[in-house]
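We just call them A, B, C and D in the order they show up, numbering each chain from 1.
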Amino acid sequence: MTTAQALTGVIPPVCTPLTPRYEVDTGSLTRLVDHLLDGGVDALFLLGSSSEAAFLPDRHRRVVLETVVGHVAGRVPVLAGVIDMTTLRVLDHVRAAVDAGVDGIVATAPFYARTHPAEIRAHFRAIAEAAGRPLYAYDLPVSVHSKLATDLVLDLAAEGVLAGVKDSSGDEGGLRSVILGRRDREDISGFSVLTGSELTVDSALWMGANGVVPGLGNVDPHGYVRLLRSAWAGEWDAARAEQERLLHLFALITVGGTRMGISSSALGAFKAALFLRGVIDHPTTAPPQIPLDDDEIGRVGKYLAAAGLV
Amino acid sequence: MTTAQALTGVIPPVCTPLTPRYEVDTGSLTRLVDHLLDGGVDALFLLGSSSEAAFLPDRHRRVVLETVVGHVAGRVPVLAGVIDMTTLRVLDHVRAAVDAGVDGIVATAPFYARTHPAEIRAHFRAIAEAAGRPLYAYDLPVSVHSKLATDLVLDLAAEGVLAGVKDSSGDEGGLRSVILGRRDREDISGFSVLTGSELTVDSALWMGANGVVPGLGNVDPHGYVRLLRSAWAGEWDAARAEQERLLHLFALITVGGTRMGISSSALGAFKAALFLRGVIDHPTTAPPQIPLDDDEIGRVGKYLAAAGLV
Amino acid sequence: MTTAQALTGVIPPVCTPLTPRYEVDTGSLTRLVDHLLDGGVDALFLLGSSSEAAFLPDRHRRVVLETVVGHVAGRVPVLAGVIDMTTLRVLDHVRAAVDAGVDGIVATAPFYARTHPAEIRAHFRAIAEAAGRPLYAYDLPVSVHSKLATDLVLDLAAEGVLAGVKDSSGDEGGLRSVILGRRDREDISGFSVLTGSELTVDSALWMGANGVVPGLGNVDPHGYVRLLRSAWAGEWDAARAEQERLLHLFALITVGGTRMGISSSALGAFKAALFLRGVIDHPTTAPPQIPLDDDEIGRVGKYLAAAGLV
Amino acid sequence: MTTAQALTGVIPPVCTPLTPRYEVDTGSLTRLVDHLLDGGVDALFLLGSSSEAAFLPDRHRRVVLETVVGHVAGRVPVLAGVIDMTTLRVLDHVRAAVDAGVDGIVATAPFYARTHPAEIRAHFRAIAEAAGRPLYAYDLPVSVHSKLATDLVLDLAAEGVLAGVKDSSGDEGGLRSVILGRRDREDISGFSVLTGSELTVDSALWMGANGVVPGLGNVDPHGYVRLLRSAWAGEWDAARAEQERLLHLFALITVGGTRMGISSSALGAFKAALFLRGVIDHPTTAPPQIPLDDDEIGRVGKYLAAAGLV
């Protein structure tokens, strides 16, 4: 199942623009895809956490898949998240994604139900078998409340179940264990290690990661692409300077403060930034997220200005 | 939205029998419903955690709803869980449940995404508005990782959003706060407080709870009904003796030990018990749960024997 | 090590009055002890969480032990907490408590370091051996971040290591498992099960608990004693009415709101209540707890008035 | 209070060798200090988590302080941890450390009691005032169950309360926020940012961290010093190679497996390695930690051999 060559580069988790009535805004979505491709991203990841996948009904998910796969038309690989609680439900999303023609699948450990590591392994095996294309594990303990152990990831890589991992755990020691473990196991050189930690991309690449899946990459894909290109060229000082600029920009996720959840504030700020940059038509987020008010959106604009994005 | 009269009694979360190929076994499901009605239960709760709702695709959920609502034919109220991550996804389940003709809806706080109390309130308000029938909050922090605060529950009761709460938090002090808070707010006397803690039912009733939603009630509905009837008759010693017998029986959930998750072990044991009692045809649980082996199923049988159930 | 007869009744965790300069206010402390004895309590528990043991230097702890043991002079048993991170540190506190002449020791699982159940067992065994008097396990996962499993408690009881447990876990199903497990193991009938959940005392007694260790019992010992006496007389309705009055009173712990931690608010309110009732001279709590302001103390007074305590 | 110049380099948390009867083995301790100084470390950190501070009675702590401060005699700065639950208890440790002549103090947020950010600030302010020498915040949420927020750290730095932070949270994005926040606030350039994450030292230095506090640095101080010197010389490839060698060595902490806690396994392995290298006389760890058996110690030896340390 493993691809001959590891997936690499900037692979943003594509935001899902919505109309004020919470339908997928396909016009804005295609403009967002164009914005990302113009930025030079290497692949697209649909229906991840930053895409509000947890907030989107199945019909919205299908519209997203069909709109983007059709619009991209093979120019870059398109991955799709299949976020749901357990195996049979996830398999339904896999079928929808495969039918839409995606190039890879991204799945978390089970959640809601409390699971055992042996059950997590069985879960990924069942998904890989059904998918028939590369499967990436999405390590996101803040949402699913279990962490994927290094051995579990490497064993499933060696079995051919996993083609890569998107590590959003924030555990950089664990990330490095996977990277070195891959090197130590000769047969999994095509396994792709991607970081979801958008504030430490230069150091993840330095350790040997293959790429990044940055939510903030929706707002500034050009910045993340410059970061990667600099690192790959061995221009680490330039990579670091770019990362530091992006870290300052990332503070826009705090504009919502304590009157809302971090999800509302972060996803709301990403969408507000895309709205202010003219990429999407509405900063709408899905319920029950609390929308940013005008003052908060205004402060997003100040972060954009400070980062040279307006 | 509040019903004139609070929902009361034994309301088991109905297990979902599966065929060995993981389809809903409708024959077994109707026999299970008959078994529960024969036990004298007061209502049925479909698609809760003990029903493996987190493991069931939407088409399975629809089969469950249609099979049971049709078979019950109004003899007792039928409630349906609408377990999913956030509002729009939950609303799809609400529509399916309403279309199937259920009498009430049971919903958790959002999960996967990290939410704010204000977002939890918005979530329940949106569900109640769409449901058009009694809505029960399902307080299950072990699965959704947030606890419903007493004030949140009582405020939403006073607003007419919630008709009741199923408290599976294990926080008996919090349960009692809701019970006394209900008494202190004259306008919500019809609000139903149900415990999901199957080992402390006599004491929950003693505090003023209206009923219980016991997973173990699948295995021994007659026992829980005797418990409730004794309590309501003021025969508290008999209620306690019944509860203590059921607590001993409940230990059957440990047969799977540490080689599987507690979900696999508990739901596997409930289904093994129903299989051994001749109610359902297969003890199959949904993937990625690990099935009990023959030895473990044999030990479930010993618990049944000790409880006088074979 | 087990006492022939289980410890029973109301055993308040005695607050530690402080001077404004954070020394132990021994005059207030002896008045508090008199207040509790006047209320009819069955034993005293020094240096527990409600005593601010986690906030008190060793010399303060010694002053508390000597002051109270001397003043009580054998009229009721005096237990002492030995709250510290791990075994050798705890053993120092055990020696100090034994030297002061206490009748029993109360110890938590280790904390700060992450421990294994086998280590928790070793910890209690070492303490019991050093103490030479009854040892009570203090189950307080909110502070020590591990829960004492039912089997661990019962096994250590059967070994003679534990004379009882003070269950402040809030897990009433677990509490009941211990109570029934005690009944099932003939040799540990003298094992004492005490609840630390001050809002569900009537139901804990109903299940078979031997007594309660209520922080709120500092403020209203007479109330808790009435509750116990009613329950023991089989007057359960009276016990429940008393418990419900105390639950309303317990809301005084919320006066500090969100500008401080729950510890500051709860312990501050207990001390403010004792100050307002004329029992202690200062409502001072130990740093870094935030003191209640005059308005908040005033609101404590309203709760006292509503409970008939002024 | 801030030092004119930030503390930098390799600052190992010095293990505390024990005799088989759990007394401080001062002969082994001075040899361990010599081993570390021979390795070229820049400062020493006594009584941290890797020193088993949570396991050591006060008299042990005093022996450690006096032994090491005397033996070092000013050759490198000596910092001391003051690990305890809350302010007054910590202040007692501060006095002991100051009396012993240490050069700096290292303190965690309060634990056991649940605290509010405002209380954490008050806690550090009180310690700094009493210490009269540089105070370093120890961010260790795995032990104290609260994370120090970036703003809290930077504000206390600007106030002159904190001279630095030892970040053992594993949150590299947070670490970087502190590093960049320091750069953005001109007045705190002397603030020292140290990582406690021993597997990502090269990347922490790359981000701008001043040094590392590596538990594994007890076993291989020369390796960590080479890592730092390489990084400071701009020889990042050499730094990375050294880090990767150390990451492979670090796997020795797993020899204890699942029959003990991670603390027992990690600290036991560090001490076994020092024993096998001839630095200390006994691999003894403090109770209730479970000792490694001969087989496990043998496997530690294999890790040493693989890392070229025997």
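Points to keep in mind about this one:
One rule holds for everything that comes next: a contact is a pair of C-beta atoms (placed from the backbone, for glycine too) under 8 Å apart; a residue touches a chain by one contact, two chains touch by 3 or more.
Model, not experiment: these values are computed from the prediction.
Path length between chain B and chain C in the touching-chain graph (shortest route): 1.
Both chain A and chain D derive from one sequence, and where they touch, over half of the residue numbers involved are common to the two copies. Ranking all chains by how far their C-alpha centres lie from the centre of chain B, first place goes to D. Centre-to-centre spacing of chain A and chain B amounts to 35 Å, using the average Cα coordinate of each chain.
Chain B and chain D have Cα centroids separated by 49 Å. Among the residues of chain C, none is found touching two or more other chains.
Residues of chain B touching chain A in their complex: 22, 49, 54-58, 60, 83, 85-89, 91-92, 110-116, 118-120, 122-123, 126, 142-145, 259-264, 286-290. Taken in their complex, chain D has these residues touching chain A: 170-173, 176-177, 180, 197-200, 202-203, 206-207, 236, 240, 244, 247-248.
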